[in-house]
């Protein structure tokens, strides 16, 4: 490779760039954005043990299809490229690199899972590509000082744990608490929040049991917890195990005050299999309206949601709340993209994402909004308590969070 | 004391689950000398078929029978279509065919039936007919079903000419052919029966752990362990192995080591037992000529 | 005539492999690095299973231990990433030998179960709070990618960290493959195969079964452990979720697809497990693993002795 050849090619390159630049000089674009489309990357566990969560991505694809059918955003269609990582962090990195370096997407959106997002966080920030609205409740995603290109979305598990702690201190101040939690970042984050919320009353927790997602049943752990004589149960598990736990508690004839984490609070996905009668009195937190909850059956936003669902997700299970949450996230992004207008640089996208002012999405619970700022990378922080009456969740109490 | 008994009874119930899958693995091994890693996923798929029928309004026991028959046919077809081409291939090539079937069944089940958990009905009464404080009706019922299957498998192989023919076909296909046994069809029959047992196991397990495409992911290992613990060719061993595994795992987790090392401990235990009894607790060693 | 073409093929192939990263983009280079890593891991498994006849459904455990050894040494003890590689190999060698002892008593399905148990138990062990201080628990450990010590440009492409790492991995792979070839083509290799096919006769002829079998396990584990350590550098991240039981199964699939008892088959096996899932993903969004399973089945029928089996058939006909 001679010097002459090298300089010739770089002259040619410069000329080409200048020409191209002059044609699009009006619009500031980063790779992935053109006059006609916005290319977005997404990674879901379409295969493997976490495949249930892929519903988020499917809902997002369906929402963007609707937007495209209606003309797109500011005249641009959304090109949503979603890849599978099987919930394996090395694969997530490979897919992220493919999306950023090969497909040249503008940013990554709603990538799912905690270890998976952890694997790509450094890469995304090094490359200065937004890792936006990551689809997990882990508390670590709101750190703009160290990771300015990464932002979470939903109310995180740590905050939810703190809300439960508050509720217990308010209502059962002399409780003996038993905790069952999933032995991974999800469960541990909740427990950490609970302990932080209890503060120096941490020793109200008299028993802790864990389970693995590969455990067939959690009967043994529940028998052990009952034998401790606890009168409050913290159920920090995913839907399948939450249902088993609720059922087992009833079978054991144990009647603690039963707190259930938001992730597993869907009547359709958890309480119906567990037995609605067994679920009476269970307390949870929520931030959105559940489609299987009878109290929203005439709600205008819910009816619109169901119409959209029927059209764009015809073979999907309408009781699966991951679809609704995925859609809410997509709506949040839609807002950000509309705000960005024609300035589609990565920097502007992050800037718009970090300046969401009191966004009211109609399927969020009344009083709960989306809000961010340059120091606040937690879009949704509010939660409300609800108690199950055998048919539906009855909201009560105040709204927690900022 | 009460919670100790609860732990033991929970262990027995779990053990029944492991034993059920273990029996399917014993069946497949006795008839083909292979262990089918896809057995769990096939059982899940069968259970989904039953679920779909029940959703359409078919009464439980009719759905049960239809599922069992359909599963048998699927098992036979799988052997005829997918296993026949590799009958003469090395063992590990067969293993990757099992793996291929495993991922196909799992993937297709997820595609057709979705990943949300579904409840599956139990045909047994809610309250236990026996020791109701420690066992639910379903647990007693499924233990009974497991024992019935066990007796059926045992008597089939021990007392019927067909069972003998199948064992011969697995042990020594060439000699079996020489005495007129249609070896290929024996293998197919074995697959069909294993699929049948798997379907029964799935329908007994689903009411407890809830039905979803990954239902058997954790259980297959335990079923495998139960079958091997008892001696891979011994149906009694599989059931006993399952029970020992279930009870020991619970007791270890509750009183010795804590639930975050329960799985590891159970597996260490199995490996330890196998070191001292390499053919399982009740298995017979296989001698080979030099 | 054949000897000359073979003598030419190796150096030519080497040159091509070295130049390869400079004609493709960074992302592809990282994929090729992963192929090399899998090839080393699969070669390790093949030593045990293909040559040694001892089935292992648990090699993911050695991969994980190698990865974590490297990651812990780098993040907690500030060690140079290159130095961690032989240490990871050594740790896994010891672990493999220890596993080899109970394996002496087990065969066939029983060994499969025991090794599978190891694969499943490994993530749980890695998460345990007793060692959380070093392993980072469920959150795992984040590493820096090793940087190239000098600047270089070929064909107008710079020596990026991806390309540098690829070359490092290539060098190690060549070394390990060369070592394996010498080992397995010589007396020890014959002894290993003899123990696989006719253990009683081998013992009668003076082969120390215990030493040979446990050593085979150890070397096999060491190879896969080094692959794991390299993967920690390539991905720059380790977590318990990075090493699910399916990884062990994938390594076995790669071994069989490449060809049991062949050394270079590992490369084809690695290409299979790296790229076929991607291809399947493109062919079907809703059931990609069904496509993978179908491709796997087709492979088993078309090439029951693996890719190398096909090559042997072709070269035999000549």
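Letters A, B and C mark the chains as written, and numbering starts fresh at 1 in each.
Just so we're on the same page, a residue touches a chain if its C-beta (ideal position, glycine included) is under 8 Å from a C-beta of that chain, and two chains touch if they have at least 3 such contacts.
Everything numeric in this text was worked out from a predicted model, so none of it was measured.
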item: Topology of the chain contact graph, where touching chains are joined (line, ring, star, complete, other); value: complete
item: Chain pair with the greatest number of C-beta contact pairs; value: B-C
item: Rounded Å distance, chain A centre to chain C centre (Cα mean); value: 35
item: Distance from chain C to chain B - Cα centre to Cα centre, in angstrom; value: 32
item: Overlap residues in chain C, where contacts from two or more other chains coincide; value: 120, 124, 127, 288-289
item: Shared-contact residues (touching 2 or more other chains) in chain B; value: 107, 110, 221, 260, 263
item: Chain A residues counted as touching two or more neighbouring chains; value: 47, 49, 183, 212, 214
item: Chain B to chain C touching residues, read off their complex; value: 29, 35, 82, 85-86, 89-90, 92-93, 95-97, 99-104, 106-108, 110-111, 221, 224-225, 228, 232, 260-261, 263-264, 267-268, 270-271, 274-275, 278-280, 288, 290
item: Chain C to chain A touching residues, read off their complex; value: 25-27, 30-31, 34, 120, 124, 127, 137-140, 142, 154-156, 231, 235-237, 239-242, 244, 246-247, 277, 281, 285, 288-289
item: Chain C contact footprint on chain A (complex, rising order); value: 1, 6, 9, 46-49, 82-84, 86-90, 93-94, 97-98, 101-102, 114-116, 118-119, 121-123, 183-185, 188, 212, 214
item: Interfacial residue positions of chain C with respect to chain B in the complex; value: 49, 55, 102, 105-107, 109-110, 112-114, 116-118, 120-121, 124-125, 127-129, 198, 200-201, 204, 249, 252-253, 255-257, 260, 286-290, 292-294, 296-297, 299-301, 304-305
item: Partner chain B, residues of chain A touching it in the complex; value: 47, 49, 51-52, 54-55, 183, 209-217, 219-221, 223-224, 226-227, 239-240, 243-244, 251-252, 268-270, 272-273, 316-317, 319-320
